[in-house]
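Every chain is named by a letter (A, B, C and D) in the order it is written, and numbering of its residues begins at 1.
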Amino acid sequence: MEVNLKTRLGPVELRHPVINASGTFDALSADLVLEADLFDRFPFSAYIPKTVTLRPREGNKPPRLYETAAGLLNSIGLANGGIDAFIKDDLPRLARLPVPVIVSVAGESTDDYGDCAGLLEAHPEVAAIELNVSCPNIELGGRSLGLDPKRTHRAVSLARSATSKFLIVKLTPNVTDIVEIAAAAADAGADCISLINTVHGMVLDHWSLKPVLGHITGGLSGPAIKPVAIRAVFLVSQALDGLPVIGMGGITTGQNALEFLAAGAAAVAVGTANFRNPLAAADIVSELGGLMQERGIGSVEELTGLAQK
Amino acid sequence: MDAGLIPASLCECPVVENRQVGAYRQVSFVAPEIAALAQPGQFMMVRLAGESLDPLLPRPMGVHDVDSDLVKMLVDPVGKGTVALAGAAVGDRLSVLGPLGNGFDLEGGGPAVLVAGGMGAAPLTMLAGALLTRGREVSCLLGFRTRSQTLAAELFQEADIEVLTEDGSAGRQGLACDPLPGLLDGQPGRTKPEIFACGPAAMLAEVARIARQQGVRAQVSVAAHMACGIGSCQGCVVKGSASYLKVCTEGPVFDAKDLEWK
Amino acid sequence: MEVNLKTRLGPVELRHPVINASGTFDALSADLVLEADLFDRFPFSAYIPKTVTLRPREGNKPPRLYETAAGLLNSIGLANGGIDAFIKDDLPRLARLPVPVIVSVAGESTDDYGDCAGLLEAHPEVAAIELNVSCPNIELGGRSLGLDPKRTHRAVSLARSATSKFLIVKLTPNVTDIVEIAAAAADAGADCISLINTVHGMVLDHWSLKPVLGHITGGLSGPAIKPVAIRAVFLVSQALDGLPVIGMGGITTGQNALEFLAAGAAAVAVGTANFRNPLAAADIVSELGGLMQERGIGSVEELTGLAQK
Amino acid sequence: MDAGLIPASLCECPVVENRQVGAYRQVSFVAPEIAALAQPGQFMMVRLAGESLDPLLPRPMGVHDVDSDLVKMLVDPVGKGTVALAGAAVGDRLSVLGPLGNGFDLEGGGPAVLVAGGMGAAPLTMLAGALLTRGREVSCLLGFRTRSQTLAAELFQEADIEVLTEDGSAGRQGLACDPLPGLLDGQPGRTKPEIFACGPAAMLAEVARIARQQGVRAQVSVAAHMACGIGSCQGCVVKGSASYLKVCTEGPVFDAKDLEWK
């Protein structure tokens, strides 16, 4: 049997369903450090750089990372050079990638979402925009905007008015009802929902018993949160039938990717697993193809949502 | 200290030896690509190959030594990840990404003083060798908590070594930095030595202070929690004089004057 | 140095800070299966049986369990024989335990909380009552009561009017703002907050790609959720200064227990780790004592909240 | 099938042998307490001793055989936990809680027919031995997917055995239950045999159906995901005719008539 790994996010065609999770793979840095032909054998079917904000951010005080049981806690704090520098310096270099580029943006205020989307609108190299309304490590009056359906609605509406590009909204799982937030994003014009950003957490130092992270609390990623992510993908894709979902949270194997697609995702993203192996995605894609073949599943379209049937 | 332009590779490397050296485990594995390229002060991201998700991520490990196809690391088992690495048995396979980071800048001239605290001695063996090969005079100050922690002086065969312990149970009593001011001044007419240091943060801060005071250059290798080792995650930063710097790609070796010291 | 492991939850004195998490250790069953002297060398300093409800519940459809990365997903669904049978059959047998008994109750309606507390009031063998407002596996109109501050307030108020016993309220982490819920419980008269119940999650079967659990979704426990739990304990004990907190979520070692106490807990509970080793708590207690000694921490009181200082 | 009154113990047991048997690994470890007490059909909760949290929990494993101080289990590596157990090397230590569960009721009289599907054969070796010792006539029907999966007939030395495979690559073609009706009827004047079965759910349901039809007693050993193995978690239940029953303490062996069959 021929397995067709192609999938699409609206107008964005992907040669397979595995993209990277924002903030976990820096293609420009990896291209310098890893083998010379990284861009030619790029493992992801689309590339999302780390979230950019309107103004540069230096990020949170270190330490910014700590490994937990089957997980990773981070508090990077959206360190980035700002959207102007991104458009000027990074975007032209990323245009050399053989895959579509999806730009992730976050606001330090609600208005920023509209402004960022507007600034990207003119650039054809930008295939789609992801609104990160869910970073646990920057605070807008103490709470990330994606915790509240009304504020999410407003941020997405502003971006929607500013761009005709395919608009993805990335949600946080740290809410009482994620379907409510997803519905607000959809209502405000989102074309796609990305699930999940990291889970709120904290660790203490073994010896000093003080919080390890400079920012005190952080976001948990990796296999530990996979059940939380599968549930979110299942519930949201079931509730918002028709709107594609990008699933992520702990994917490390082709089997994991298979499960997220079956749960309802049209594409999946690999995050923390890139740190175990920077080319993990290549293995994941080939395993996924093999597993679909074994199960007689001919295409990603056929696979998406199988768990709900 | 330029970002390495040498490509790092990811290899599965069989362990061929695991022996006790001082309080640490010296683990040797077959890694021809890394052995061929590694420079003193560079590091690798290492984990036991396999599917277990605990530990989840590789750990940064300095290249301790290279012997034809073999790479050696010296492991201090301080937590979950290092305990797993220290327990690697002959025949086990390691997943290794490297060499990574900039390594020490060897291009300066004149004498070199190497200052190490505890495990910080690990990367300095190769450095001492490389500096001696370049005809530079090398003296080493090696500080440890106590006798059982001292690293066998054989690791630094040809260099001039002074061992210090905090409790005086081996070598001189004191900290690695104690003899440093004496080594730097009091040598009229000679080029002032360059310092190369690796060890705990407090020791590096003291080295930086002494270097500034005496007007000598100090290259310091700093530690940080790392997730990726290749500049992807922004997790490993230290405060530079202007902005945060990534230890994995802009370091781990920095000129002490480029960092902010508290 | 002498380390004093004693702690107290209001009037309930504990000889060390390690109790069991409800639903994870059945003293009556374990007494039959394990060595004959279990009751004499009981590893916990207080015993909480599985949550009981007003009426008997047969529980959810199996499968009810699945192991995830460093975690366990369950959907038991509060299987229990009902509070009358509990009082008649179990309570007299539990009175033989050398430690205080804390009874956990849950309502299928808000009123049940008052009724259950009232039924326990007359029994001196009951040292304290824990209100489980947080079980993810039974649904009251689709949502557990502990997801909502107002309904939590009402349930706790009803129980408070019905009993003068020490009243613990056990919260779910599956909310946008756990401090808000904890404050509502405190305001309604809770004497103590128990944190955390399990995290919402879901798993698909490797092969069929359908949900494994008969109940579709379940609750995640074990080391995977420890960072989530530490954060909840830290934030709630900081916000409700003075109200004791019982911390739990992934505790498997004495080091873990040390961290929960440092985060702000006055006592800790061991759950999933009992399944790795039914006498795990004994090791945890002795490790904890050793670690306190190493660090020169003389008492649990001194340890509680160290991370916040 | 009373709840066992024999106390289970938790032991750390060194592995002394790990060999291939059919498609499975037979792992033998030293566990004198368990070896002394274990009855056919009982099980243990087993994991690799140590700190790794992945896998997190022990897995239920039938007592396959006992040989003085040694206990043997037969492991089918189907997932994370069983793959880890199947890979236990000689010298590794297992954490073992057991013996657990009720085991088969051996008190009946007359001939016995043992029916196994795949790994279900594991607990039946000991059972066959115990029944033969009690002077009962034993015949075994062992069904497997294909030749490579069949368990060496040597596991059932003295009993009368028929092997079946779904693809006919070994023994007769068919399912383990196929010859069962023939064995039960057509023997006028003789006590009808009692059935003992272990295997996949579909096979057990078929056994239950045949037993009911023929009016014979069937003891079936059922599987369930378990967390605790001692009645604490209520995770392992199966639907009984009246209420849910805990497989770990009320089973794993049930009289087929006490369970609900779809």
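Miscellaneous remarks
Note that in this section a residue touches a chain if its C-beta (ideal position, glycine included) is under 8 Å from a C-beta of that chain, and two chains touch if they have at least 3 such contacts.
If you're wondering where the values come from, they're calculated on a predicted model, not measured in any experiment.
Pairs B-C and C-D differ in how many C-beta pairs touch across them, and the larger number is found at C-D.
Taking the mean of C-alpha positions as each chain's centre, the chain lying farthest from the centre of chain A is D.
Between the Cα centres of chain A and chain D there is a gap of 46 Å. One simple way to say how far apart two chains are is to compare their mean CA positions; for chain A and chain B this gives 35 Å.
Shared contact sites, meaning residues of chain B that touch two or more other chains, fall at 53-54, 80.
Among the residues of chain C, those touching two or more other chains are numbered 69-71, 206, 222-223. If each chain is drawn as a node and touching chains are joined, the picture has every node linked to every other. Within the complex formed with chain D, the chain A residues making contact are 69-70, 223. By the touch rule above, chain C contacts chain A in their complex via residues 68-71, 73, 147-148, 174-177, 199-204, 206-207, 209-211, 217-218, 220, 222-228, 230-231, 234, 250, 255, 258-259, 262-263, 295, 306-307. Residues of chain C touching chain D in their complex: 23-26, 29-30, 32-36, 50, 58-59, 62-67, 69-72, 74, 76, 79, 206, 222-223, 252, 272, 274-279. On chain D, the positions that touch chain A within their shared complex are 53-54. Remark: chain B residues 51-54, 80 touch chain D in the complex.
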